[in-house]
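Shared between the two complexes below is subunit A, which pairs with subunit B and subunit C, respectively.
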Partner chain A sequence: MNSDPSDDTAACPECAGRLPVPAGTVSGEILACGACLAELEVVQLDPTRLALAPEVEEDWGE
Partner chain B sequence: MSGTRLGLVCSRVRVEEKMLLEAISRRPDTEVVRIEDDRIQAPLVGNPDPAGPAGYLRGCDVILLRGLGHFRQLAIARLAEAWGVPVVNPAAVIDTCGDKLRTTLALAAAGVPTPPARVAFTVEAALAAIEELGYPCVVKPTVGSWGRLLARLGDRESAEAVLEHKTLLGGALHKVLYLQAYVEKPGRDLRGFVVAGETVAVIGRRSQHWITNTARGAVAEPVTVTEEMAALCSRAALAVGGGAVAVDLLESPGGLLVNEVNSTMEFRNSVAPTGVDLPGLLVGHALALAAQR
Partner chain C sequence: MARAWRFGDFVNTDQIIPGRYNVTTSSAELGRACFIEHRPEYAAQVRPGDLIVAGEDFGCGSSREHAVIAILASGVTAVLAPSFARIFYRNAINRGLAVLESPGAGAVQEGSEIELDVARGRVIDHTANREIVARPLPLFAQRIARHGGVLELVRVHGSLNGVCLPACGSAPDGPVPLSPGRMP
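Coming up: the complex of A and B.
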């Protein structure tokens, strides 16, 4: 975990902007980029690395 | 006493999975083993590598499936059952709930009231089926969720267009045409949460749109849970094999009908209006299965 995740930011792979990574964020979580609205998946913590979240697949859901 | 190893299989960590992780963290004797389903590969004969994701899962006392893909969850449930590890939900429950045709057959076999539905495989046969159901009716993919690819067919012209599109453009699953009578409802439907046969909460899902799914913008609201609602939800859950499921009810003019049953319940919008700790109950259910091993 980050030592002080509340101060963490990460780069958006879509628009290269920086977005905040809230405290308590875990790997696999989905974040939205406030600048370009892309849905991003947290693929690594410490340091945080983001990737574009996959599109919804046909059989996804509850 | 050593702690319980609870495997949590996710595709993504959404609000629900964070709530579950939090609920697990409140259990002092429980160790969570979180596995991303993208990383699982396992031999179908013999044992998985104990140091790999599948091996970690096999070493669990119980597995809670929270993946997004129906077929992937079904496959993992079957693996877990072959290993003798209890899983929430069992493969049979996922199999039945994930396929609307199977759900309807299971509900009908148990005498649970559900909207009239028919199946057909060609446009011509489907149009004949709709004549029997009456317009409007709803065509649904047998596998799918979040209200996607549902169509309300108001007349023969629209039915011909939608059915032709489905059969020509859709994949193999869309060539099984599941048709359901459209049920007028009072601007909402009901969702009951059932854990191990007990209805633990019911919410209303209100929307101006005929698709009342919170994933499509419907708003959850508290409802007064009647004995009839609770009993019907429990019966529906038992009809699909038990486990922990969410039951969608329609308040039709003729009484309550069970529309669908969901085997991977989403509850982010339901804890606040009901005041029920749904993630805690799910974790408790999983741990109870582990204790029965």
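Coming up: the complex of A and C.
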């Protein structure tokens, strides 16, 4: 992750706090909210929209 | 650490394994011919555990099951892509090849050091220092994969009924007991 001064911010869907969206962020990337620690998925860019990252219910038994 | 083999959009099954190889049932031979025309260096350089990262509609074209067998025999155990051709996707589940939809797969570069965390549904791109989502298979498909394919599941349980036992919620570990009357 970088901290380019042109970084954008987006709203956390969990706590409504603002978190930075680093330059170069891609769709599907995971970001962590610094306030509530929720794992968030970037579901849209320009403007950035975040959603709670999917939780996995079951692994492959590995 | 796994390396990413990067492919573009609409990689079809003839690029994965040309039709002239479909006369053999030898997995080893299919593995050696995997991507033989599309990426001639692939079979000689791929390492066990490497991952294929592709674009949209991976596995389109012919419905040949050989495509999945060739990829597995080449040593790759998972393919990440934003979308898959539906028959390839089913063949992969039936054969135990992990096929995970990942909307950010296009950002992974050729040769990147990546790690697939199946349990968390995450792709960790160590080269780019980021994590992207890898959507897990539906529960019933995970269960088929855990058995090593649909044939092994049917061999163990005698039927597909009961494969998707819990309509919602968690599933038990290990083999799924038969539950006649329940539809997968």
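As a convention for this text, the second predicted complex is superposed on the first by the 52 of 62 C-alpha atoms of A that agree within 3 Å, B and C clash if a C-alpha of one lies under 4 Å from a C-alpha of the other, contacts with A are read in each partner's own complex, and residues count from 1 in each chain.
Throughout what follows, contacts are C-beta pairs under 8 Å (C-beta built on N, C-alpha and C of every residue); 3 or more make two chains touch, one makes a residue touch a chain.
Keep in mind it's a predicted model, so treat the numbers as computed, not measured.
Q: Is A:Ser27 contacted by the first partner subunit B, the second partner subunit C, both or neither?
A: both
Q: In the superposed arrangement, which partner chain does A:Glu41 touch: subunit B (first), subunit C (second), both, or neither?
A: Both partners, subunit B and subunit C.
Q: Hey, what residues of subunit A end up touching subunit B and subunit C alike?
A: 26-30, 41-42, 53, 56-62
Q: Enumerate the contact residues on subunit B facing subunit A in the complex.
A: 10-14, 17-18, 21, 34, 36, 68-72, 98, 141, 143-146, 148, 171, 173, 215, 246, 262-266
Q: Going by the contact rule set out above, which residues of subunit A touch subunit B in the complex?
A: Of all residues in subunit A, those touching subunit B are 24, 26-30, 41-42, 53, 56-62.
Q: Can you check the complex and tell me which residues of subunit A touch subunit C?
A: 1, 26-30, 41-42, 53-62
Q: Which subunit C residues qualify as touching subunit A in the complex?
A: That would be residues 98, 102-107, 118-122, 129-133, 135-136, 139, 142, 145-146, 169-171, 173-174 of subunit C.
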